[in-house]
């Protein structure tokens, strides 16, 4: 498989500023701190991590909704790391985003039809008649009655709102969709519907997903490969079946042990440290049940252990 | 109070209805539910949002605020119906005999009072304690819930604590008077994965130590499978199925319970899902409220509300497929 | 951020704003179509050596100097306490202020106490009794209180209680000793005039702040602990509700109090700063008008600063950031 | 717009707001049509001075030119002057209607100016942030530090007191509240996901400001505008009342000023304009509060 998008050593730091006249940098939140991976055509990469690990920032930076500090993003051999705002339109058509909170991701003062149509207006896709037909098509595609297009977001249920969010993302025929926790705000019985919809659309339209979640059963269902993120870094990346069968990184082991049906839960001590001042050496070492001397001193690298199973740990 | 199978129940709820009288109509948040809590057990109430599980918990302590009101029912606790006693007597039970932990530890603590004061207050409300004595006990409690440096943290404010630590403070507060019943309303939902595991672990330990009876409210079937002795599944303000953990999880009978478990635990290519959405509680469907989403609905489901049918010891289902009359 | 840095930051901000205020006042003065000299000459009438007077006044005000020099002189003399010369009364403006400020101060102080005590009690009461008949009646009266023009209210009070019933004098008597019951009696109508709008406003702020906090999760926690309702409201809700209320009350000092006190003084003839300023307007006493405006701004600034500092002591989230 | 209709439906349910609206419409009709059925508000007639409203009487001494002495007469109110006359014999009704025109003009125009300036400054400040935000907000702080009325008095004193100038002055000094509100609303909207979604679709800054930010702050702006009108009206009335208003026009504040001097004799001259002011301000406040409640999200 050829990579659709390839990310190399991507970094995104958010500066912390103080003072309003002579603002000075007091430090930075290392939200994304050197991340590399690729997503193949038609593949879903699941990205798992706890809140504050930088997974959302990573998603946004790839879409260039935030400016990367260093590293590169290459889409089909086109480097998009530094393209200017005015040359970005084609990239906006190739890559789209589905958001976490469906209610918040729709403009409350616009009908949902207009929200979808906005994509078509921005990219000059057809006259009004054509656009309306396309909006109807899209709504049917995501499993909604086209009559709903005249409604406002607050008149729809959470599941319906999220379907609108998906339709809006599909309007420009993208190849890549970054889905940032698209089901975590929904009820369990509705989550399954949206996940099935996303899986069907992927097959039908040949999409690739970067699927961000903190919930492992969601990831297990939707992903082809899975990346585990901790404090701005990817600590393990492997084929889904491989990862769930034999997790290597102690952090991954602990996360997987929380899945229902697993009897002996691994309980990690302490809390996620601040990304402003991450621990020395391996970032996970203060909480790691299997740490040894070297972990504190030396930062491990993301190594390929066997056939695409990457792990960042001194144990291997 | 004897429960359905003759065991001693510490808390027994029957026919509880809590409605919210809003401008747009009456929300039947809890609509005729009955269950027992036995001594030393963990009862998990499982449901999605809008199922009425939180309102049930609040009703037990009579913490329902207008426009909500407990319309009818009986809550028997220590030989008394909690719905009949005056509010002053209810205040003596709250925090003292029955304590509660809430979902969001960030908003459940008063931001302008120190942690120490908030826990001490829970103690002195019910017991005559000297100030120094209350402080010593509070610090002991903080140590019990594994908060490091309790003497220092006693004087700190909630915003100086992380989410997990705040929830530990809430637990300490609930334990202040060593209650016989603890109600925990989704105590880990607002927390991160690894922190959730820590809090759950704390629960298990405390349960062993204090032999409390716990009502644990959650939407997470994974947690249920670990924690519960018995389970009650709620949907749209009603109980759909209740019984011992293994009976319900391994042999779910109600189509809703089965759907829910399939959603979460299936590993097949296509996720099982329940069609449709959660009903609007103002305009509930006639008959069984689950019938519009039920794959095996019959005619009678559309017109009549099913009663409970006893499948085996302690396993009850509210569905016409199993009698329901 | 430590406590000291926080306070230092607020102080720096206040100094910056004070400088901005002085600069704005300076340019406003220079932008005006009339120079102080023109105004003074207009009031002199004919028969004077106009050129000489103009020259004298312009050098007194320093208007003959280049603009930047005028600006620095102006700021420097303000900082030294030289606030100009009042032609109307032939004395330094600072002296004039020193004799008049106390009348404004007593009016504002008494009205604020009246308004804060009554406003907070009324707000708490209506919040606890939400949607009761008493709450609706209080809501109606606070709307009326907010909407009633206080200068009209003052006149109506005079019409009813002074003209009709003769309980009070129609004018404030300056011969009364400051700390006496008679003085308090004489200030009844003025305080009521100025205080009504404040009571109405404060009671609504307090009510909405109380109601907002009564819906918070920590209040439910407090109830779940078994605390009596009195403690829940009086301790948990009240302390949180007071945070925004104190800020609003402090910030109000500028709008309601200065505008209101100005006009109340005019209606009742209380010789405070407002009364003094209006007299100066009609006497074309330029420096006095300017001085009162600046005092208003500086006092507002001071109250903003006090609000900021009060906040630190009330809200631990700022104290320990 | 279906959304506008929806909010109108919800506002309609607020009874005080509707009463306020009715009063304001009545006032506007009166102000516009007044000149066609009343005498001139400036027409002085000393023979008819201090006539009370019908139903009231007033004893006063009037100099009788033919007998050359003072005669005590009892003045009775007549329907010719339904609200009486003032000390110069001017018809109160005519003056009050003229005052309504002045007040409405001041309220609407000055608020309009203030809202436009405030909204522009607020949105620019929040959307672009950084140094732009710092400078604009410090300027706002400086403006807010001057007590509103004192600043108005200073401006009127320095630049003269025509009605146009007063309106300009109120508008140019009254924008700070709007700027703050619009800024804080824009700041919180800016981080909302639907703005992010528009950016992801490739929307331009202008599109985001005009299609998303502005419509979403509009309801707050409308409410604030409605609640700001009374402030503008009262400011003009206060200026006129202390004698710094436009002497060329009969405004409620002017009449009230004259009324204070004749409290002992002609009480109605002070009562009537104040009453009009009170009801007008009350009407706008009721309307603003009602709209605020109706626009509140999640109200149902």
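A, B, C and D label the chains in the order they appear, each numbered from 1.
Here is the rule we use: contacts are C-beta pairs under 8 Å (C-beta built on N, C-alpha and C of every residue); 3 or more make two chains touch, one makes a residue touch a chain.
This structure is a prediction, so every number in the text was calculated from the model and none was measured.
S.K.: Taking touch as defined above, what minimum step count separates chain B and chain C?
M.R.: Step count on the best path from chain B to chain C: 1.
S.K.: Identify the chain pair with more contacting C-beta pairs: A-B or A-D.
M.R.: A-B
S.K.: So what's the Cα centroid distance for chain A and chain B, whole Å?
M.R.: 33
S.K.: Taking each chain's centre as the mean of its CA atoms, how far is chain B from chain D in angstrom?
M.R.: That gives a centre separation of 55 Å.
S.K.: Taking the mean of the CA coordinates per chain, how far is chain A from chain D in Å?
M.R.: Whole-Å distance between the two chain centres: 53.
S.K.: From the mean C-alpha coordinate of chain C to that of chain D, what's the distance rounded to whole Å?
M.R.: Going by mean C-alpha positions, chain C sits 22 Å from chain D.
S.K.: Where in chain C do residues touch two or more other chains at once?
M.R.: none
S.K.: Looking at the complex, which residues from chain C come into contact with chain D?
M.R.: Going by the criterion above, the answer is residues 13, 16-17, 20-21, 24, 28-29, 31-34, 143-144, 146-149, 151-152, 155-156, 158-159, 163, 170, 254-255, 258-259, 262-263, 266-267, 277-278, 281-282, 289-290, 292-293, 296-297, 300-301, 304.
S.K.: Residue numbers of chain D touching chain A in their complex, please.
M.R.: 2-3, 134, 192-194, 196-203, 207, 211-212, 215-216, 218, 297
S.K.: Show which residues of chain B lie in contact with chain A when the two form their complex.
M.R.: Its residues touching chain A are 48-50, 162, 164-165, 192-198, 200-201, 219, 221-222, 225-226, 259-260, 263-265, 267, 270-275, 277-278, 293.
S.K.: Under the definition above, what is the set of chain B residues touching chain C in their complex?
M.R.: Where chain B meets chain C, its residues are 58, 61, 63, 65, 88, 91-96, 99-100, 102, 104, 107-114, 121-122, 125-126, 156-157, 159-160, 170, 173, 176.
S.K.: Flag every residue of chain D that touches chain C in the complex, lowest number first.
M.R.: Where chain D meets chain C, its residues are 16, 138-139, 141-151, 153-155, 157-160, 230, 234, 237-238, 241-244, 256, 259-260, 263-264, 267, 270-271, 273-274, 277-278, 281-282, 285-286, 289.
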